[in-house]
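By written order: A, B and C. Residues from 1 in each chain.
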Amino acid sequence: MNVILEAQNVSKHYGSYRALQEVNLRIHEDEMIAIVGPNGAGKTTLVNVLTGLLKPTHGDVMFRGASIAGVGPVKLAKLGMSRAFQLVHIFPELTVFEAIASAVVSQQGRNFDFWSRVKSIGAVRERVEEVATIFGLQDRLEWLASYLSQGEKKLLDIATAFALNPQVILLDEPTSGISSSDKRGLMDTLMEAARKAGIKTLLLVEHDMDLIAEYSTRIVALTEGRVLADMPPKEFFANPDLAAAIVGKPPTHAEA
Amino acid sequence: MTRSRFLLAALLLILIAIPFVVPAYYVTLILPALAYGVILLGFNLLFGYTGLMSFGHALFVALGAYSVAYATGRYGMRSMEGAIGLAVLVSLVVGIPVGMLCVRYVRIFFGMLTLAFGMLFHSFLFKFYDLTGGDSGIPITRPFLLGMEFPDLDKTAYLVGPFYFYSLGILLILGFVMWRIVHSPFGLHLRAIRDNPRKAEYVGARVYLFRLAAYVISAIYGAIGGALLSIPVGLADPELAYWTHSGNLVFMTILGGFGNFFGPILGAFVFVGLQSELQSLTQYWRFALGVILILIVICLPRGLMGLVYKRGKPLDAHDAGRLNGESKV
Amino acid sequence: MLFLVAGGLQLVFGVQKIVNLACGSFYALGAYVGVTVMTFALAKGVPEYYVLPLLLVSGLALGIVGPFVERILRFIYNREEGFQLLLTFALLLLSQDIYRFIWGATPKTLGNLSLAYGQTMIGPTSIPTYKVLVIIASIVIALALGWLLQKSSFGRIVRATAENRGMGEALGINSAKITVVVFTLGTILGTVGGALVVPTAAASLDMMVELVVEAFAVVVIGGLGSMRGALIGALVVGLVRSLAVFFYAELEILSIYLIVITVLIFRPTGLFGKPIE
């Protein structure tokens, strides 16, 4: 398998505070990586570095062999990586269609089109409907995003990330704020969407250990900025100390 | 959709018919409304669609007016198209660097910077007497429209006749162009940037660049509108750049409803009409206008168009019919 | 002088998170009323050296406008910043027209009243004593404000409300009352500032917008929420302005606006908040 994303000896310091210390990570295609760890372990920082938002103090981040340290979101989208956030980010005054379209339009390279009517571009419309259907939002296309339920907003957020047709997608606690009974449903939708969209690699920051056990191919555990463990779920859960170290006390579903 | 198309067509017909049925005085009143309509189309791209509130937009209106004055007065260019061309050029030359600086900031910073630039230009116009005619301004000679001179028409007939239709034509053309811009992928990204700049970046919108583009486009519209505005007056004077003039632009946009395509144009017409009515009613008219503005900001944030749409959804009449689901789940 | 108003702006903005452009209105109001009062007083035969206290008092008295304006602004506390900006901008526009209506478009001056206290020698130059007195007064007020905010219990409450209104209310603080008081304080700073400035400068319609732009520059240089910063900012702005006038006399009116623009070119990230979201 090819290495698609790699962190080489990444450290991130904020003054004397070491958020990340010598993190080495190799991510291959077709992997579903779960990044876990207690709050403050550096998960979000790692994600920010991996997605080119933050420049590492030391070390480098490579996407398909090219350095992406600090490139920023726009470039990132072009390169083929996409990200959804823990807190729902939507465009309140855009409809569902428009929100997804804004991503599709970029992905289709139509950014500088000043003239065509977005809704009339067949290619755009098809793709938007496709993505919306995968996420179950096809009946909501004309709704203003601010009128969606919280769960739907989350779906929309993730959907726009998927609409960019990335090769790698990073999801920051996608199931936070979703009721436990719906979590599996969401995960199934995500996996299905990824498959349909041809997304090769998923990175997930998650707290729900059960979900991780079921869906991921590899677990990367962080504590205090260091990689504590990096192994398939079977091995990970076979070791009770590991699980305890990550979760601390009995599993909570506390969001960050 | 057809209903609003019909409405638009009807309005258009009315506008076309007006010079033939209405007394000249009222027709000359509509002229500034048409000019402001053009200016506001551009202004609203910046304000309503990109979320940047400029308090110094009158800068470009003044630039347009002075360009026309220079063209017709000092360079002896009689063609309106040439004058407008010069106005566009000037607005680009000024708008791009100013935009590049201002667009780095948002909200109050943007507002204050644009205010500063507007007033800077105003002071400049005042101070540099030789260049700008100081506070007397520069007179404008009646230009040829599409190459035609109309020597037989006196000023009023010219204004009420050919010039009226010329302005209307420009408003329509520029309106159409703006419509396409707003509905294009670029326009979509602008709105995304307005709603959530951070997320907009994640969907691939180049925030700075697009904001700059919106600024420059609005500058061009402002200058063209300024050109149209100044011809009936026959003079380009510094007060065009004063901050209260920028304030009026903001007022008109809020009055009509921002983020809505036709709102500002409606606002322009209402404002012009309101102003002239109030002027004849009382000497306290300025005060009345001010109070109205405050009331609108407090009570009617979506402007007059907000009254038309129940939830004040900022879409165009074109899409209003498709609003088939509203629920707060 | 500028400092007084900048201080006011800080106070209001820092506490309510409201961007109050109307501070310009208050400043101009102070100036115009100051002129009117002094002219009236002089006509009645009041001796010249009453100028400072008279202006001070009239400025303070004008603070009464504060609560009224605050009531109006109260309607939009919960709206987004954009609306607050708009409303205060509307107030600015409104007051521009009102003042023009009451006092006319020509600037009003108090002639040579700045010399009412004679001159003082400072180094090689002589400055009207009046100005010296005002500077001293400003510093005193600044210190007093600083002490008030940092050391007194009132100040603590104010700062707490600024940080987190809801929390403050939960703790039993009547945030509405605090807001009114703070706002009025800010208003007074504005009106007094305007009143005190008239012997040395004319009261004109342009004052309002000049002040807003200048105060903005001060806030950008000095940082928001810091009295010390406001002081530094005001000094810098004042200095640059004098220098500009010294070198290029014609630049006088332009200088204010040029300053803001230059400040922002060279201090792109500002010293606070997120100017670039």
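The rule we apply is simple: contacts are C-beta pairs under 8 Å (C-beta built on N, C-alpha and C of every residue); 3 or more make two chains touch, one makes a residue touch a chain.
The shown structure was predicted, so the numbers you read here are calculated from the model rather than taken from an experiment.
Colleague: Taking chains as nodes and touches as edges, what kind of graph is this: line, ring, star, complete or other?
Modeller: Graph shape here is a line: each chain touches the next, no loop.
Colleague: Determine, using the mean of C-alpha atoms as each chain's centre, which chain is farthest from subunit B.
Modeller: It is A whose centre lies farthest from that of subunit B.
Colleague: Once you find the CA centre of subunit A and the CA centre of subunit B, what distance in Å lies between them?
Modeller: 43
Colleague: Between subunit A and subunit C, what is the separation of their C-alpha centroids in Å?
Modeller: 49
Colleague: Distance from the CA centroid of subunit B to that of subunit C, rounded to the nearest Å?
Modeller: Distance between chain centres: 33 Å.
Colleague: Of all residues in subunit B, which are in touch with two or more distinct other chains?
Modeller: 198
Colleague: Spell out the part of subunit B that touches subunit A in their complex, as residue ranges.
Modeller: 180-181, 183-189, 191-192, 194-196, 198-207, 259, 313-314, 322-329
Colleague: In the complex of these two chains, what residues of subunit B are touching subunit C?
Modeller: Interface residues on the subunit B side: 51, 53, 55, 101, 104-109, 111-113, 115-117, 119-120, 123-124, 126-127, 197-198, 243-244, 247, 250-251, 254, 283-284, 286-287, 289-291, 293-294, 297-298, 301.
Colleague: Flag every residue of subunit C that touches subunit B in the complex, lowest number first.
Modeller: Residue list for subunit C touching subunit B: 19, 72, 75-76, 79, 81-83, 85-87, 89-94, 96-98, 100-101, 209-210, 212-213, 216, 220, 250, 253-254, 256-258, 260-261, 264-265, 268, 270, 275-277.
Colleague: Contact residues on subunit A for subunit B in the complex?
Modeller: Against subunit B, the touching part of subunit A is residues 72-74, 76-78, 82-83, 89-94, 98-99, 101-103, 105-107, 110-119, 121, 124, 139-140, 142-144, 147-149, 152, 160-161, 163-164.
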